[in-house]
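Only one structure is covered here, and it is reproduced in the block below.
Lettered A, B, C and D in written order, each chain numbered from 1.
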Amino acid sequence: MKKIIGDLVVSENIPLKNNHFLLKLTQAEPLPHILPGQFVQLKIDDTPSVFLRRTFSINYVDRKKNEIWLLIQVVGDGTRSLSNCKIGDSLNLIYPLGNSFSMPTSSQSRLLLVGGGVGVAPLLFLGAILAEKGFSPSFLLGARNIDGLIELEKFQQFGDVYIATEDGSAGEIGFVTDHSILKNSFDKIYTCGPTPMMQAISQFAENQFIDCEVSLENKMACGIGACLCCVTQTHQGNQCVCTDGPVFNTKELAWQI
Amino acid sequence: MANLTTKIGDLTLKNPVITASGTFGYGEEYLDFLDINQLGGICVKGTTLHRREGNPYPRMAETPSGMLNAVGLQNKGVDYFINTIYPRLTVFETAFIVNVSGSTLEDYIETAEKINSLSFIPAIELNISCPNVKQGGMAFGVDKDMAAEVVKEVRKVYHKTLIVKLSPNVTDIVSIAEAVEHVGADAVSLINTLLGMAIDAETQKPLLSTITGGLSGPCVKPIALRMVWQVAHAVKIPVVGMGGISNARDAIEFFLAGATAIEVGTANFIDPAVSLQVIQGVNDYLQRHHCESINDIIGALKTV
Amino acid sequence: MANLTTKIGDLTLKNPVITASGTFGYGEEYLDFLDINQLGGICVKGTTLHRREGNPYPRMAETPSGMLNAVGLQNKGVDYFINTIYPRLTVFETAFIVNVSGSTLEDYIETAEKINSLSFIPAIELNISCPNVKQGGMAFGVDKDMAAEVVKEVRKVYHKTLIVKLSPNVTDIVSIAEAVEHVGADAVSLINTLLGMAIDAETQKPLLSTITGGLSGPCVKPIALRMVWQVAHAVKIPVVGMGGISNARDAIEFFLAGATAIEVGTANFIDPAVSLQVIQGVNDYLQRHHCESINDIIGALKTV
Amino acid sequence: MKKIIGDLVVSENIPLKNNHFLLKLTQAEPLPHILPGQFVQLKIDDTPSVFLRRTFSINYVDRKKNEIWLLIQVVGDGTRSLSNCKIGDSLNLIYPLGNSFSMPTSSQSRLLLVGGGVGVAPLLFLGAILAEKGFSPSFLLGARNIDGLIELEKFQQFGDVYIATEDGSAGEIGFVTDHSILKNSFDKIYTCGPTPMMQAISQFAENQFIDCEVSLENKMACGIGACLCCVTQTHQGNQCVCTDGPVFNTKELAWQI
């Protein structure tokens, strides 16, 4: 899958609640083929404290508009600067990077996508692709409170959405792992979010013998497998999250708590 | 087109721009972004006698105009390199230089000896300066007698171009350069990373698993340039300069300071095709300044 | 308000934020921008026995996230300081620390002895690390025996708080810190500037009249932080940390690494009132982290 | 004279020929008193390659509008970034800095202001003040060619303008020192521009026993006399251009060529 360095143009920059924003980037030419779970390395030129590129999951691909969506949470100088992008601004991206979530096998039909915080980002595109392929994925989305639930209406397009908030301000109270939907049977779980959440979910999946894929967010320098900075411990030794991942089957991972 | 060819020992490079060890993988990682055959050379990852897992995550922290790394020489060992990677590299038309690291004198010798037999590898870069592993050669690189000893022994078994990569974490880099020149190094390359540290004030923890790590990027350029200038004035062998080079202008500064070739490291992470821009920009500079050859600017700094 | 008082030898500072020598004049230059009485201390300009003209222009070059300087200890000599400047300083309510530099052992001794008689000066910072003059003390600062000797002799004539400012241009800063601790330094401060160089590619000339100069600013912070951490673990006397501190978060990192006080240097040029923001920000941090005193975070880095 | 750190707002940014632009900065409150020849230290936040503040002469002060004008030539990253300022952008300045041109003595009435390139900047405000005080200054402005002549019509408000261009595309051909106006008698010369020009003019003034002030442009770090980076050699030893200058009487200077 050929990686590209290219300039895309901001077509929309939509402020969302809780310091999130949705950045839509487009170009005249058709986009390359992009798989759910892949990410981009974005260059930020106008912020002295930002040196390396910044990594963002691909939230959605609108093929008709040649649009890549990034769902971003403002956490530091780089994301703050991006949140001020204007329509027409040009951004330099290296993409599409990383492997992808794997499609369910023929025996897997009951699919649960579990997301927490801004970790929901790649699950939207995954849900869209699964729906396109005829699956009916369920989404279980968690947040501290109702304000942390982003893009809910978008997820609802592609399947049933279940909610857990720590303070009970929306959906069931508690962590995603406490949610009653987990009493149902699932064939495959996909998850992305804070590490403790992903670990709890993968523990749950393991206990229930459910196939489970997680998307990791290690700190990256190059994003293309050259620097060996982004490793995670697997049963095959250290592997690069940027090229061997970001998606790993939990069976491969030697979770370091 | 100006004449960009440059010589390091017996090795003639088609141009003086090499990608730095640990920042360009084996070159293959960059095939989607540039034609690596256009590079003067590629210094491949730090290679050790035995497989190494490297340090635990996190291995990277961003710093003002630079980064710290604590990769710790993760690699599958020299035999894996020879059997699996090397054959794939022989289809390319650039100089592959193997960066050899070790914990003991014997490691260095044995690894160098194995690489000596590879006809397609014209040179090694002996890394006596990695700050990121307890026995990563840094001890060799900061002591001129130990540096001389490892170079002397490797020289006995390695018969092609031997470049010795120096540590900047020293009081007197010139004395170390002179010591390795004296025992047969064909060239020195500098600088490796500077030992640094970063802390997350909120969690009150170090940002690297190893607490300290190696600093690279534009932030180190003034120090690197000073060391290249000092060493180039002291030794007769060629100096390969690096440290923060991000564009052609940076590269020119190193040539003026006395570098015969340069390496581009951290900048590859931000712009994977930057090395080709450096080559193009150096050529443009030479033409603009009416120079026929890169040799016209090497060491040409006007200090009156 | 958290308790920000901190002790260096016999000197109690109302807060741990000092402005660094050579970057804050005598404090008076900054009166329009901040109430200098709120500072923990002010390290005044490098002061030498005799008047010095310093180096020729140009003395400054900007570098990525930093700058090089080659001021070369321009000052009117210690007697001028005592007779003309000192009386003006006595109206302020902050600790004025005199940064003492010299070319010879005798210079240091004589200058320190003169300052010893000034009742309003509670401490000197002995600069054995200036890279910008041929005999700027850097030779003392890079050799542990010479460092120990100058400190031992100054200790005999200087009876108040003696802070020794260390050079980062060394292989092993810990051994130098230990050597000066051993002969009676009350504290060490670090880092002074790193020796660097910058070139104008177009004119092919160095950007400093002295070719090389001292690097400071955020670019050096990772190196400074590493050295402070290493030294704080090795010595029992307080460590005054500096190098690239530009905001409260940077300062906190130095405290966590083991600094008892910090100095703010180059950042003053960009924001003359930055030191007060650092004090305020440190206080806010302590309150947010439920610490009663700055002592709660000094050396508190969690390394497991 | 109290120095201020303050944010001013861009009220106009007018592109001029030859890579120059005129930046007008304003605030609601009255400006402090500003003298001709003084300068500002301007902070540039959005350019990673710019670390220190950038120094600019005060081109003009519009007291009615509380406006400071800066006439700027794009030479590097900092000035390029400034040239893209939008109306309403806020810029942080330290000002007013430095000494100033001294007013003519009672016996000095025939005044010549000699500027070259962007060095004309402080001479506009000086000319305005001189005119205000009842003098009729003459301006001698030099440039490589007609495109290098900036703000001509503004200078014409305050006195006669004479021109020299190296290629003769406007005014007399040659350097300012070749201009025929110099055959007239003058009591005082003020000059700012490229160092060789200022040296030639001060040589001329010395030969003719004319009182002469130059405004120097040494590289600065602090701009307030603290770092000692900006020195020039004078007969009293090294002096700071930022506090002892930028204006020096040529009698004080030990010109280093």
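Everything that follows uses one rule, which is that a residue touches a chain if its C-beta (ideal position, glycine included) is under 8 Å from a C-beta of that chain, and two chains touch if they have at least 3 such contacts.
Source: prediction; values computed, not measured.
Participant: Chain by chain, through touching neighbours only, how many steps does the shortest route from chain A to chain C take?
Facilitator: Tracing touching chains, the least step count from chain A to chain C comes to 2.
Participant: Could you tell me the distance, in whole angstrom, between the mean C-alpha positions of chain B and chain C?
Facilitator: 34
Participant: Cα centroid separation between chain C and chain D, in whole Å?
Facilitator: Taking the mean C-alpha position of each chain, the two centres sit 36 Å apart.
Participant: State, to the nearest whole Å, the distance from the C-alpha centre of chain B to the C-alpha centre of chain D.
Facilitator: Chain centres of chain B and chain D, defined by C-alpha means, are spaced 47 Å apart.
Participant: Which residues belonging to chain A are in contact with no fewer than two other chains?
Facilitator: 48, 50-51
Participant: Provide the list of chain C residues touching at least two other chains, using ranges where the numbers run on.
Facilitator: Chain C, residues with two or more chain partners: 63-66, 217.
Participant: Please classify the inter-chain touch graph. Allowed labels: line, ring, star, complete, other.
Facilitator: Looks like a ring, each chain touching just two neighbours.
Participant: What are all the chain pairs that meet the touch criterion?
Facilitator: Once each pair is checked, the touching ones are A-B, A-D, B-C, C-D.
Participant: Would you mind writing out the residues of chain C in touch with chain D in their complex?
Facilitator: Contact set of chain C toward chain D: 22-25, 29-30, 32-33, 45, 53-54, 56-67, 69, 71, 74, 217, 266, 268-273.
Participant: Could you pull out which chain D residues touch chain C in their complex?
Facilitator: 2-5, 43, 48-53, 94, 218-233, 237-238, 256
Participant: If you look only at chain B, which of its residues touch chain C in the complex?
Facilitator: Touch residues, chain B against chain C: 63-66, 68, 142, 169-171, 194-199, 201, 203-206, 211-212, 215, 217-223, 225-226, 229, 244, 249, 252-253, 256-257, 285, 297, 300-303.
Participant: Contact residues on chain A for chain D in the complex?
Facilitator: On the chain A side, the touching residues are 45-48, 50-51.
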